[in-house]
Structure formats: structure tokens, C-alpha cells
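To start, I am sharing the structure in question, which I have written as C-alpha cells.
Order of writing sets the chain letters: A, B, C and D. Residues in each chain are counted from 1.
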Amino acid sequence: MKATARWSQGMAVVMLAVALMWPCASVNQARAAAEEYLIGAVFSVTGGASFLGEPEKKTAEMIVEQVNKSGGINGHPVKLVLYDTETDATKCNLAVKKLAKHDNVPIIVGPSTSGESLAVVKVAEEEKVPLISCAASYKIVSPVEERHWVYKVAGSDSHVVGKEFDYMKAKGIKKLAVMTVSDGFGASGREELLRLAPEYGIQIVADETYGPKDTDLTAQLTKIREQKPEAIINWSVGPTQVLAVKAWRDLGMRNIPLYQSHGFGSRKNIELAGGGAEGVLLALARVNIGPLLPDNQPQKAVIMDYTKRYADLYKEPISSFGGHAWDAVTLAIEALKAVGPDRAKIRDYLENKTGFVGQHGVFKFSAKDHNGLGKDDLEMVVVKNGDWALAPWK
Amino acid sequence: MTAITPQAAEPILELDGLGVQFGGVVALRDITYQVPGGIIQSIIGPNGAGKTTLFNCISGLLAPGTGSIRFRRQRIAGWAPHRIAALGLSRTFQQVALFAHMSVLENVMVGRHPRSRSGFLATGLRLPGMRREERELRERARSILDFVGLGDLAAAAAGTLPLGQQKILEIARALATEPRLLLLDEPAGGLNTRETEQLGELIQRIRGRDTTVILVEHDMNLVMDISDRILVLYFGHPLASGTPSAIKDNPEVIQAYLGDDWAESSAASYTSLDNHPGR
Amino acid sequence: MDSAWLQYVFAGLTTGSIYALVAIGYNIIYNVTEIINFAQGEFVMLGGLLAVFFMEGCRLPLPLAFAAAVLAVGAIGLAMERFVIRQARNASVLSLIIITIAFSILLKGSAMFGWGKDPYRLEPFTAGGPLLFGGAALQPQALWVLGLTAVVVVLLSLFFRRSIYGKAMLACADNPNAARMVGVPVRTMVLLSFLLSAAIGAAAGVAITPISLMEYDRGALLGLKGFGAAVLGGLGQFSGALVAGLLLGLAEAFCAGYLSSGYKDAIALVLLLLALFFKPEGLFGSSEAAKLKRF
Amino acid sequence: MPVTDRRILLVLALVLAAFPWGVRAVGAVSHYLDVMVFAGIFCIVNLGLSLLMGFAGQISLAQAAFFGIGAYSSGILTVQFAWNPWAAMPMGMVLAGLVAWLVGVPALRLKGHYLAMATLGFGVIVHIVFNEEVRWTGGPSGLVDIPGLSVAGTPLRGEIAWYYLVWGTVLVALVFCLNLLHSRVGRALRAIHQEEKAAEAMGIPTARYKVQVFVLSAALAALGGSFYTHYVAFLNPGSFDLMWSIRFMLMVMVGGMQSLWGAVLGTVLMTFVGNEWLQVFADYEVLVYGSILLGMALFLPDGLVSLKSIPVRGWLRTPRSSTEGTQR
């Protein structure tokens, strides 16, 4: 019985703790009512998708600081209310609810991953708060009738697949082997690859998967080699995409071109592959290849500006993921500038926004399209001499 | 106090060619023996003679290697202990094995387990049948505690009792299963003289409740006082059996205690065997 | 090409020997303390990352970096025993499980701070392209891993069977009190077991980093597979761990090759469950001995 | 149920009923209610775990798997087969119970580390199945557009409705478990935990009881999973991995393994700690979390309920005539 009585003491401690946390909460709310403009953000800063959330967080903080230095939005200082979701759907769900109800933000950017984004779609709809996801899955914004408040700035996998299939078609490739990682990124890519292949007259001769923590992919590639494909496409992020390259080189399969997803678009991957990545092909958003773009390309200016500022501030190169945050936060700021911190007005503003020049393309939103990107916003690149180069189409 | 009833002629426990091996060591070898119902049967023997192993076999904690065990005419060798308990066999342990964090009353109530039925749903939902059963359980447990003389300690935590009372509580818990046969493994171990006397009296009262008792015990005074029959085990095999007075004078038994195991099982055993005043 | 099966054999042996090394780490600590150290996988991860640090941060040559990484992780193992495990001598099995899990979370968290979340690479121990056997390719580094495993198994078996320290360590597990009475310094032996186990895990980590890269959250899955190998081989058995580790690796590679690569992780675990359910003493352990163990 | 437990239950019910009003009084509709909904869902899961680990003494690192089986049963039946959510819910519980029975019969013969590893392995296998059976579960991309719950034709919206539904269920489950514990079955479970051999010799079918309590804890976890599914309206395998099994175990342990009140306390506390209060530590959160786990296991293995007490105790103290044992 002692134990049960002690419990009450424990409960008292909890209540006390809750009570103590309250004042902080109300202070936040009071500040929200001031003339500060809030932007809510949820990124996977830690956990499985931290490679997305980390640069997104840095980019968002950089932009907000920049805006505040130059006098804020129409004189209003901007405050970024950022929560780490730890790549966890439950935490993300709670964080978005907190932003919507407790912090009372007029707009939310993020989450970083498709899974987390899908876990908060319902929250955004119920709370009627505009949300600009940085993740790729098309399900985030479709069916668009049920995604009134949800937008996304990352291109869909179908754009990347379409671009790469265009290229394969130009190269006369008809038999393709597919290898994908069994996580959200790989699964979504796999769906699109299998769905779109017939449209381009491409036959899938092998369809392999592997785990995100696998240490060796030679078994999968050996199996693929047995099927004699004319090209291989690997769809993953993290170390496995480098392991795929290493196994491809070690097994002497250079005669079969290796395509990667846009996830490969970081120079670090070329380094990690230790010279093995020569000849790897992929479709990339222009943000990754700013210097390669011709000067008359409309995105060149914003990309070069972002590249330089980010490198100056954080002493590391930009990544395409940070570019999503740039697009989302910049859109949010433009919306706040145009219509003020009003959720409904911001939503309407976003839906009618066209010609927004961002890191990942020139966005054309509409009531039918809450993404606003297409495959023309991508470029085919090849790894050459340890760096990106535009891939020759002839 | 019932005398040996006619049914006593019928054996309650029959061992036939029972044998147990641990690796290469023979613990029990070819034991054939019958215990008539309604008596107090003692099993004695030097340490390591296989007495506790025999108990473990009978109560199902250990599967015998060879031979058969019949309890109330059922072949129980290989049965799970809980089935044997449900059939009416209960036991205590040489080293006290009470549920130390439960109250004295609860310990005895656990003993009523095979004589009650309510399962997860009935108890979780507190169905009327379960409440009735719980009340009945509590009353029976209290009456058993009164029977063994622990009635005043019902609310105490079992682990806090002194050893003597813990031993008695183990017996109470075993009685709660309503056994036809009760195995007591050294119940007097660690008890003082007065407590041992009370224990002997309790065991006799238990027999009076139409329960056969098998007693493994080193205290020869107690054994000689209350046993109807004695079985002597020696290196896992029956050496002799008979009434206390017959055993006391058996030269083989004296040899066994005096000879090989002198050092271990001690002169004390022998002396008490020889100079026993009772019979 | 008929070389496919050979390629699966190579792949299986490479990953399998890593599992074997992790399994051996479990066995050492288990042999002495009968504790399962859930942080074993993190030692592997730390070994790899520290080697990267010593080579690229401190510009040490490879053999020195290897030794430094192994020693550093060994020291972490020592600290774990001295400051954590020893505090919990009388804890329940459940508490011990939670303690080692907690320690693994701390190691992983610290690694995340030290190295960030990106994977790191290490040059192979010997340069040169893959060796070709009729179309099947074998990386020279895989030979290093296999060789390291073999050396570790042989040395440890000798150590535990022949040397007085090894025998003393085994005695501690059997009956710490008896061991203490005959003059075995039980505490030192327990300390030594954590040192050894961590060092072997680290060596495995350094050896595989050139093949599979290394990042901060790699440890858990390696630890799980390694435990599978340890149980399959019979906890405490070094040669059993080796055989079981290789079997597990081969089973995975062939499953990925001929069945479904998505379910290959499940294969290892199903094997683990079957072993636990039907032969908990492991393929190579004796059931008599298993009964004597506490768990 | 002893008087003390009844009193605590009463206090808990009152506090829970008043919580939303208290929260309203301080500020607008608070985010804390959202956290409480999740805390309640996890409480349902952890009551089963507390019975299994604290009372029957069996370790399980598969609780997240059963949570997931319940969640996916509800998700798949409602999305792919258009079942009514209320019908899918018991189906999930039955399914989880069935799986638990199949796994439990061989697994619960194991003890200690072996049992921990067997349940851990099983949990990871279930997680892999969620990932791989794309056709049913949606795989890693997840299962979307899961319908919400409705009561008497009105859809359940807003956190207040959910709060009362979930915590009402917690209280019902709590009463069920308390009844169970203070009865023949509960005594048998505690007996198994304390002296397994003696329990067996007193006629308790220990193996059957272990499996039964495993099944019960799986069914409760599945119920929690169903609520989770309909509340979040989205599922992906990430919410049901090993880390979650560890989290559930930690929640129970922080409160106090051998007390159902401890399970409730620990769950609420850790849900707030994990989702709210550790946010200030940002990147250091994982270290803080690990330290709490380590510190608890080292210095307070019996949880917060084992702390020495303050005055509240007097009122709650049981009359000495009570015959229930100390519930350590």
C-alpha cells in the first residue's frame, strides 16, 4: 500500500511540473500577439532523416536572420518557431498542432519527410493553417480537393523519373533494372519507376530492394547482372547509394550505365565513393549545379546568391534539401509581405502564386496543382572528374 | 482423530521402478514402493540419498527417467505440477518458497487456486460468480490460518515472518489446495524444540483431516514420534522400510548411518536413532 | 553467368564475418558476467569512426590509427564497466538490459555530436581493385575482414582454454564467489572482459568501414544480427559464433539473391527465433551446460 | 480492489475530468490536451506492459509490434475494406491476441535475456512485414486517408472529444486491470513472479498464465494502436519500431514497474518529457534521454512510485486491517 500512496506524491510532482511549465507557455503566446510575424517550422533535425532536416534548419534560420537584418517584413520582425520532429510521425503531428494552436502561427514550413508530412495533412486541414511541405511524395498534395491548405515545394518523384526516362529514351535504353531502398524514399521512387516505365517503352527486368542499414549490395547487383539490363537505376538516400556505386564498380559493371535518384545530389557522395562514381547519371534540380548554368537561366541569380551566403555562414556547401527550405521559407515571407499574417489570405495567395523563382524551379501554383513544378525544372547531370557536369543528350 | 480407515489399505501412491539420472549421476534407482492412504509416512536417509529428488518427481517438478508413479490410481509421471496439484497432491519446500511480497492471507489464497475457477475476464469484469468465489476463498483461507494457528498474522507480509512461522505458513498454503497427499520437505529444519513439538502435533491433526502425509525429515525425534511407517533411502535406493521400531533396530540402517556417512549425517542422527525414548 | 552463387558466397562471408566478430564481443562479456551487452554494436560503430578521426584528423598511418581506435574503444568499454555496470551489480536482469540499452543510446548520441550524421569512409587496408574469380568479384578488404575474424577466434580460444587469465575469467562466470575464494580477482576479470569485448568490436568496425562506410546510427542493427549469431552458435562459444555468423551472412546473401531482398533481414531474425524456441543452447552449445546458466 | 486504489482512482478520474477546464482557464485551447491524448493512448498500451513485466515478471521488447498490429488492422480494414472503425477495433485486438498466443507459447518458455531477445527479434520481424507488405500496409510510404471515429453518427473532432474518449478508455482498462490484480488471477501472476516453482506446485498453470497475460497485454496494445490510427489518420512503420518498444518500457519503468499507477504516471510524464520538455535541449535531447534511462535503471529501478512520500499519504493510508500484501 505504501507504493500506491507514494504514487500520489509522484502525481503531485507531475502536476507541479505541468504547472511550472505553464508560465513559459503563456509568455510565448503573449509574444505571438505582438507585432512580430511568426513562421512555424517542423524539420527532422535529428533522427533518421536528419540529413534533410539539418540543412533545412540552417537555411531557414539564415533567411530569417537576413530578412530581419534588412528591416523585417514591411517593418515587422520575423520569428522562426522551429521544432525538431526527430523524424517521428507522432512528434511531428504534435509539433504541428502546437504550432497551429499554441504558437498560433499563420503559416508552417516543413515537415522534411513524406511520412511526417502525410501524418500532418489532416491537422493542417482541420486547423485551417497553410502548410508548405519540403517532402516529395505526390500524395501530400493529391487529391488536391482534400488538400486545401497543403502545399509542397519539393518536386515529385514522377518529375525525376520522367526526366531520367526521357534521357534513357534518348539513349535507346529499353531494358532497365531497378534497385530501391525499403524506406519511404525508396518505396515512393519504386512506385513511380514501375508506373511510368511503360509510358516510355521501358521494360523493368529486375526489381530489387534492400534495407537502409545494409552493409553490402553486391548480392542485389549480382542478381541484376544476371538479368542483362541495359541500364540500372538505384533509388535511395544515405550510405546505401554510395554502396551501390561501390558494388557496381567492384563487380565490373561499368558497361551498364548506373542512374541514381536526385538523392545522390551531394558532392559528399562523390567523395565517399572514392573515385568510383565516375559516369553515374542523375536528374538534379538546378540548385545543385548553379555554376554550370548559363547566365541567362532565370534561376541562376538566386541559386548563386544562396550558394554564396550559405557557404559564408556555415562553411559548408549547400544541399538540395536546404534548397527546399529556401523555397518554402521565401514563399512564406513573400506571402506575409503581400497579405499579412492571415491564414486564409496566405493560402489564397499561395494558390495563385505563379512565376516564383526558387532554388528548385520556377513555381506555378494553381487550384489544381499545389506543387507548381515539373520535369523541366530538372537537368540531367553526370559525374565527371569528381564533379557534376551537364550530361550530353546526343 | 480418525484411526486408519479401511480405505487406508488401498495405496494412495504407488512407485514402480522409479529412476532418475543427472548426466552420469544416478539420483534415484529402481524405487518400488507403496504408500497406503491415511498414514504418516516418513522418508529418511543421509544427505544426498535422493529424498528431495523423489519429492520433485512425485510433485512433477522433475520428470522421472524410468518407472511409473500412480497417484490415486492415475499415472502421473510426466504430468505438469499444476495438474498433479489439482488431483490432490501438495507439498512444501526444503528452502522456504513463500510469495514473500504477498500477505500471509494471500499466500494461502494462492493455495486455493486449483479449487477455484475465475479467469481473466471474470476477474477483470468482477462478474457476480467471481465475487462469490472470492468471498468463499477468503473465508476458507482464514479458517485454514486459524487451523494452523496463524490467524492473527493474516495481514502481515509473508517475507517478514520468522522462519518457524514461515514453515507453518507453507503448510497452510499447501493445505489450502485440499490435498489428499501432502509432501513435507524437512518442515522442522531450523525450528526449536517447542516449535518442533507443535509441528508434530499439527501434522497429526492434518492426518486427522483425511490427508495422507509423507514427511522427509532429519529430526529423528519427530520422525519416530509421529510416523506410522518409515522408508530409508540410501544412495537413491530403498534400504529398508517398516514401522519406526523396526527401522530403529535394523542393522543395515544403523550401518548406513554409522558407516559411510558418519562424518556427514553425523553421530547425532545415530544417537537419536539408538537412544530414542519414545518406542 | 554461373558466377552468381559464388558472388553471394563472397557477400555472405564478408557480412557474416562481421556478425561473427560482433557475436564474439557478446560472448566474452557473457562468459565472464552472464550479461548481454546491448551496446556491443556501438563499439563497432565507434571503432570505425575513431579510426577515421585518427587517420584524417591526426594524420596517423593506418596501422597506428587502427591500434589507436581499438585502444580508445577498449577504454570506453573499461569506463562502461567501471562507472556503469559495477554500480548495478545487484540489479535485476531487466535493469541490466535497460542499463546497457541506455548506454548504447548515450554512445550513439555522443557519436552524433562528434561526427555528425553523415557517413564516413576509410581507404582499404591494401590498395588495388577487386579480385576476380570467374566473374565473381572479391574486394581485398573482405579478405582482411575474414582474416581478422579468424585470428581473433583462434587467439581467443587459445586464451580461454590455455592461459591462466582465460581460465580465471571463465571461472568468474561459473561461480564468482568460488572464484574469489580461490584467489581470482573477479573485478579485474570483469573489467578485462569489457575491455577485450569493446576492443574486438572496434577492430571489426575499423575493418568494415572501407567496405560499408560508417555512420553514427549503424550500431543497433549490427548488434542485433551479431546477437543472432551469438545465440545461434551457442552463447559463450567462440567457434560456434564464427560458424553461426558466417551461416547468417550466407543465409542473408542467398535470400537477397534468390528470394526477396526485402525480407533478408527477417531471415536472420527468423533463424534467431527458431534457435531460441527449439534449441536455446545454440547449434553448437550443449544443453547440459545451458541448464546450468542463470538465464 | 482495496480502499487505497479506489481513492486514487477517484482522485485520478476527477483530475482528468477537470484537466481540460483547468487548461482552458489558463489560456486558450491548449496544446497540452493534444499531448494528453497521445499520453492516454500510450497508457492503454503500457497498462498491458505493466501487467506483463511488473506483475508476471516477463520482459517484452515487442510491445510496439502489437501496438502496430492493432494500428494496421484498423487502418487496413477501414481503408482497404471499408469497415466501420468500431468493428475494426476489436478485430485488431483479436488478431494481436492471436499472434501473441502463437508467439507466446514458445517464447515464454524462455527467461531473462533470451526472452528479451526473442521478443525483440519478433518485434523487428513485424516491423519488416509492415515495411514490405506494400500492397496492404502501403509500405514505408505509409497508409493515408484513414477515416476518423464517429460517435452516434457525429464525427469525433477536436482534441477535447478525443481526450475524453481516450482517457475514459484508460480508466475502464485501469479498473479492469486493478480488478484482475486483486483477484485469483492477479495473485497467481504475482506468485509466478516471486516463486515460480512454488506457484506451479500450488496448482497454478504457470505457462498458461504467462501466455494469457501476454495475450492480454497484446490486446491492450492493439486497442491503443487502433485509437492512434484513427486519431492521426496516417500510419507508417516508423511509429512501430524497436525504439518505440524501448520507449514504452522506459515509460513503465520511470513510473514504477510494479504498480499500475506507476505505469500511468510514467507514461504521462515521459510523453510530456519526450514531446515537450526536452525540446529545449534540441540536439542534446538524445543524450538527456539516454541519461534519464541510465539514471533511472541505476538509481531508481523501482520507479517514481518508490520515492518516499509527502503528506497526501495520510489520507490515502489503508486501514491496517486490510489483508492485501505490499504491492511492491
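Following the convention adopted for this analysis, a residue touches a chain if its C-beta (ideal position, glycine included) is under 8 Å from a C-beta of that chain, and two chains touch if they have at least 3 such contacts.
Since the model is a prediction, treat every value here as computed from it, not as a measurement.
Relative to the whole-protein C-alpha centroid, the nearest chain centroid is that of D. On a Cα centroid basis, the chain most remote from chain D in this structure is B.
Chain C and chain D have centres, each the mean of its CA atoms, that are 33 Å apart. Here the CA centre of chain A is 73 Å from the CA centre of chain B.
For this pair, chain A with chain C, the centres built from the Cα atoms lie 36 Å apart. A straight line joining the Cα centres of chain B and chain D is 42 Å long.
Multi-chain contact residues, meaning those touching two or more other chains, occur in chain A at positions 46, 48, 182. Each of the following residues of chain D touches two or more other chains: 131-132, 283, 286, 322, 324, 326-328.
Within chain C, the positions touching two or more other chains are listed as 112, 260, 262, 265.
Because contacts link the chains in a way that matches no line, ring, star or complete pattern, their graph is best described as other.
This structure has the following touching chain pairs: A-C, A-D, B-D, C-D. Listed in rising order, the residues of chain D touching chain B in the complex are 176-177, 179-180, 183-188, 190-191, 194-195, 197-207, 212-213, 216, 320-328. Within the complex, the chain A residues that touch chain C are 46, 48, 50-51, 54, 182, 208-211, 213, 215-216, 218-220, 222-223, 225-226, 238-239, 242-243, 246, 250-252, 268, 271-272, 274. For chain B in complex with chain D, the touching residues are 59-61, 80-82, 85-86, 90-91, 93, 97-103, 105-106, 109-114, 116, 118-120, 123-126, 130, 133-134, 137-138, 154-155, 157-158, 173-174, 176-177. Looking at the complex, you find that chain A touches chain D at residues 1-15, 17-18, 21-22, 25-26, 29, 45-46, 48, 83-84, 86-91, 93-95, 97-98, 101-102, 114-115, 118-119, 121-122, 126, 137, 139, 146, 182-188, 191.
Of all the residues in chain D, the ones that touch chain A in their complex are 2, 4-5, 8, 11-12, 15, 26-32, 34-35, 38, 131-132, 134, 139-142, 144-145, 157, 159, 228, 232-234, 236, 238-239, 255-256, 258-259, 261-262, 265, 268-269, 272, 274-277, 279, 282-283, 285-286, 304-310, 312-313, 316-318, 322, 324, 326-328.
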